[in-house]
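Letters A, B, C and D mark the chains in the order given here, with residues in each chain numbered from 1 onward.
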Amino acid sequence: MKVRLATVWLGGCSGCHMSFLDLDEFLIDLANAADLVYSPVVDVKDYPENVDLCLIEGAVCNEDNLEILHKIRAHTKVLVSFGDCAVTGNVPAMRNPFGMDNVENVLQCAYVDHAQNNPAVPKADGIVPQLLANVRPVHEMVFVEYFLPGCPPPAARIKALVAQLLAGAVPKLEGEQLKFG
Amino acid sequence: MQLDELKAIAEKHRSSRKKIIVRTCMSAGCMSSQADIIKKNLEAEAKAQGLEADVEVRRVGCMGFCGQGPLVGWDNSGEHGLWEFVKPEDAASIIAALKGGECKVQRGDPKHPFFAKQMHIVRANGGIIDPERIEDYIAIGGYTALHHSLTELQPAQVVEEVTKSGLRGRGGAGFPSGLKWGTVAKSPGAKKYVVCNGDEGDPGAFMDRSVLESDPHLVLEGMAIAAYAVGADQGYLYVRAEYPLAISRLQIAIKQAKQLGLLGAGIFESPFNFNVDIRIGAGAFVCGEETALMASVEGKRGTPRPRPPFPAESGLWGCPTLINNVETFANISAIINKGGEWYAGIGTEKSKGTKVFALTGKIKNNGLIEVPMGIPLRQIIMEMGGGAPDGRSIKSVQTGGPSGGCIPADYLDTPVDYESLTKLGSIMGSGGMVVMDDTTNMVEIAKFYMEFCMEESCGKCIPCRAGTVQMFNLLEKITQRKATARDLAKLEELCDMVKNTSLCGLGQTAPNPVISTLKFFRKEYAELLQPDPFGP
Amino acid sequence: MAVKTLTIDGRPITAEEGATVLQAATEAGIKIPTLCHLEGVYDVGACRLCIVEITGTTKLLPACTTKVSEGMEVQTQTERLRNYRRMILELLFAERNHVCAVCVSNGHCELQTLAYSQGMEHIRYDYTFPKWNVDTTHRLFGMDHNRCVLCTRCVRACWHIEGAGTKNIAGRGATSKIITDLNQPWGDSDSCTECGKCVMACPTGALFQKGSTVGEMVHDRDKLEFIVTAREKKQWVAAD
Amino acid sequence: MSAALITPQKNRIQAVLQHASGDKRFKILEVHMKKHQFRQDALIEVLHKAQELFGYLEDDLLLFISYKLKLPPSRVYGVATFYHFFQLKPQGEHTCVVCLGTACYVKGADKIINGIQDKYKIKAGETTADNKLSLLTARCIGACGIAPAVTYDGHVAPKQTPEAALERIKTWIQ
């Protein structure tokens, strides 16, 4: 039975996924051991059920992020916060000090105060998801089993963690493998 | 000044006394209800009713029963009485009552357990003498203990007497005073200091304020004896800026003592010199911690430093320094006058003497009491305090302020001594005793204290500075019904860490109110927790 | 100078009387994590990362301010200590806005290094995301309060090595802040000598040379020790 | 070193001294400092006196003190901001200090604070827009026997209620 693997991309730059693709030949081993059932790199619309392992890139920034995260937690055995945005909030969370619990301030700052032309807060209800009051790391919203820090985590670090997980071990990263940034 | 001169002052003062003494409490509590006007009116009435020759209207310090204030007491040929809730317009009928007239003002009962169960050492003169007249203090035997120490005892004998008494620090931690004095005395150094810690910061505590306002010379005399015992010639009395009345009375007291040669150079014509300067705090709870207080005396930010070295070895400006609390110093002259053995006969095996408590909160009889160590908490709360008002029941008694804990009503039979209170997860503390009734939400109380510690953290060490913020946030989350069992576990883990890793007493004890309420009232926390659908 | 014998993590060690546990351990090649400690300035025992267990005392004591004594038994790496240290680091990360990915000191930061060497892979406490400013008014240097851990190394370097007293700490508790003179923009400082010792002393990217971009700010901390040794011992020992 | 950094320094302290020379309060403050022999460890006593004279501690005043005690300005500022008692901003015409000690708290001091906050739309530590009222809190003024206590313009009032507090403040603000 192959492991049902998912990767998701919340509020982040997709750099962690790029690093994931840098796994090179390990991707072949991975393909033998796991089915990629959901990911930005595969064309599946809805998060499936009974997922064994999910790597989550990005911080929780908007209502869509939160909704899918809740679904992911309900349908997945093991979650991994994948990269600094998921682990710490990182760059996306740098908006928080501009207005904790005040999204209007943040939008005003980004789209009006610092706009070069057409200063206006964009409004597209139902199309652009509502921002959450502030950006949070994944584990503050749902329970997360393991953490894979790095911005992005180097491919070797991703491999170390995933290989241990596929081998059924409790993954252990230490020393520089835990370095933020 | 010589002993015969001191005795002459006492004698002259005693002989000039009038027959009837009307004592008007002029401590901060009663002053807030126009005690000054009451005194003025009483004086005017005494004159108007032709009693000027027989009646002395005296300003006195705290009588203790603050919740019934303003208080006016009287002494007439061995008889005593007390009026409560006095208003300025009551002056006429009070003076009239002295000659048997009718008086509708509420009379206090001196046999009430609130008074009857007390034992006065520290507060012996409180509410009796005029704190702004040194003659009053001398007339009741003041400064004879200092004279005795300087002329009859070697410094080591003074330390010995204090050691024998079993007196322990009244600031909260209960360190044996004799041991501390001995260490300072033995520490090498030409310059030594004595510091009196009057930075009574515990919310809900006003023992030291009351002692300083009612009997400032008692504290000064204790400091002078201590200075002689340890070999210091300079003292600092650190008082909170929130106590302006205490500060002004101390200033007066120091001036008077200097004029009579009881402070300053060559006290009692001996080679012993001792000067006291007042240092006024500026609103920082952490300055109650001795190393922070020393930094503040030196004019710096009041941040603590690691101990060792202890102040006894390296204190103010690196010199050996004796730091004791106001109440500790206030016990000294009695110990010298009556002997360490007499003192050791009061209290329990390990906690000697008396302790002053500020009995406040949801209790019928609010005020200041001095009781022998070892008295069961129940006697204090139910008999002296009269239990909870408005027909409610007592839920808990908080002792030790933000460093202490909440003792549940089931444990009211606990004797009040250092060890028993510690065993219950609280501490003796400086003497604040805040009673809570069954309407009190214990999680809110824990949050109240944590907010206090968070705002009073000096910010020097990380566990206290950042840990109190996180603990407060978690408590807030719990009271807002947004927390899960995982949050509570985090809170408990933080309590343990902050307690064990913080630099000073503030951080090390900041988790105590949470730990003790979790121990006895965990159900109240559990009821606020929410399910955790996205948990493990 | 008398010599004391003690054990650290079970190893017998000798140290000079008056030495701190940290000095004795460092001499013996035993690494105790530190943050507010800086060679060249006096210790304050504030960060609590170097706390150790000493047989016979229930209190945990900071290695940087605790003096060695005869027969002392010191433990520096127990599970309990590691756990506490990790929690302290987590508290620091949650306290201000430490974003390693965009920090000038990324890769050269003592806080970052401490975090991974103590096994911190995430922060369990809710981030507080406070609003702090960046002072770039000085001609040569900048100060980003978001990255400050309030270790006061800059303050101590400015007071005790340079002697200018330009930097100090203002406020208290979580709102404490490193200030310049009367809490004014650094560029307006009357007393700053522009010596840069505060920048050298900083463990994180809070103090930086202007013009540094991500990962470029390497603090030359050894230079402070060099100056102090030269001044006090008249020994000019080039740093490694 | 750039000359631009030197110039404001000289101007600033000289401007402060100039300012001080025309203000009698600075003279009184200096006499007070002299009483303490300009000792640096008297800094807190000097700040108390300065606040008593000026109402609050503005930058010029702090600079004057640092100059006279020969202390770095950063030290004076650091000390002034450490202690709650020192105010670096001017207060309103009237001050209302609600004691939040434990005894006052369990007897409803929080309700007094809320009452004033709601009525005058200011939080603790703030002053009303018309500069009439500053609302402050105290950690414990030691008047626990008469809790809850509120200090109005320096005078302690016993056993207060939200209604009593608002009544009192009303006499200040028409």
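Just so it is clear, a residue touches a chain if its C-beta (ideal position, glycine included) is under 8 Å from a C-beta of that chain, and two chains touch if they have at least 3 such contacts.
All values reported here derive from a predicted model rather than from experimental measurement.
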Query = Among the chains, which has its CA centre at the largest distance from chain A's?
reply = B
Selected interface, A-B versus A-C, where C-beta contact pairs are more numerous = A-C
Query = What is the distance in Å between the mean C-alpha positions of chain A and chain C?
reply = 33
Averaged-CA centre spacing for the pair chain B and chain A, given as whole angstrom = 57
Inquiry  = Distance between chain A and chain D based on Cα centroids, please, to the nearest Å.
reply    = 49
Request  = Mind checking the centre-to-centre distance between chain B and chain D? Centres are C-alpha means, answer in whole Å.
outcome  = 26
Note = Multi-chain touching residues of chain C, meaning two or more other chains, are 124, 126, 169, 171-172
Ask   = Hey, what residues on chain D touch two or more of the other chains?
value = 75, 78, 82
In chain A, residues with contacts to at least two other chains = none
Ask   = Every pair of chains that touch: which are they?
value = A-B, A-C, B-C, B-D, C-D
Ask   = Within the complex, which stretch of chain A touches chain B?
value = 70, 73-74, 141-143, 145
Query = Okay, in this complex, where on chain B does chain C touch?
reply = 284, 301, 305-306, 308, 454-463, 465-470, 473, 490, 493-494, 497, 500-503
Key: Complex contacts: residues of chain B adjacent to chain D   = 28-29, 31-33, 65-67, 69, 200-206, 209-210, 240-243, 279-285, 296-303, 358, 360-362, 366-368, 398, 401, 432, 434, 436, 440, 445, 448-449, 452, 456, 458
Remark   = chain D residues touching chain B in their complex are 39-45, 47-48, 75, 78-79, 82-86, 100-107, 138-147, 149, 155-158
Message = If we count contacts the way the header does, which residues on chain C are in touch with chain B in the complex?
response = 44-48, 51, 59-62, 65-67, 83-84, 87-88, 91-92, 94-95, 124-126, 128, 149-150, 169, 171-176
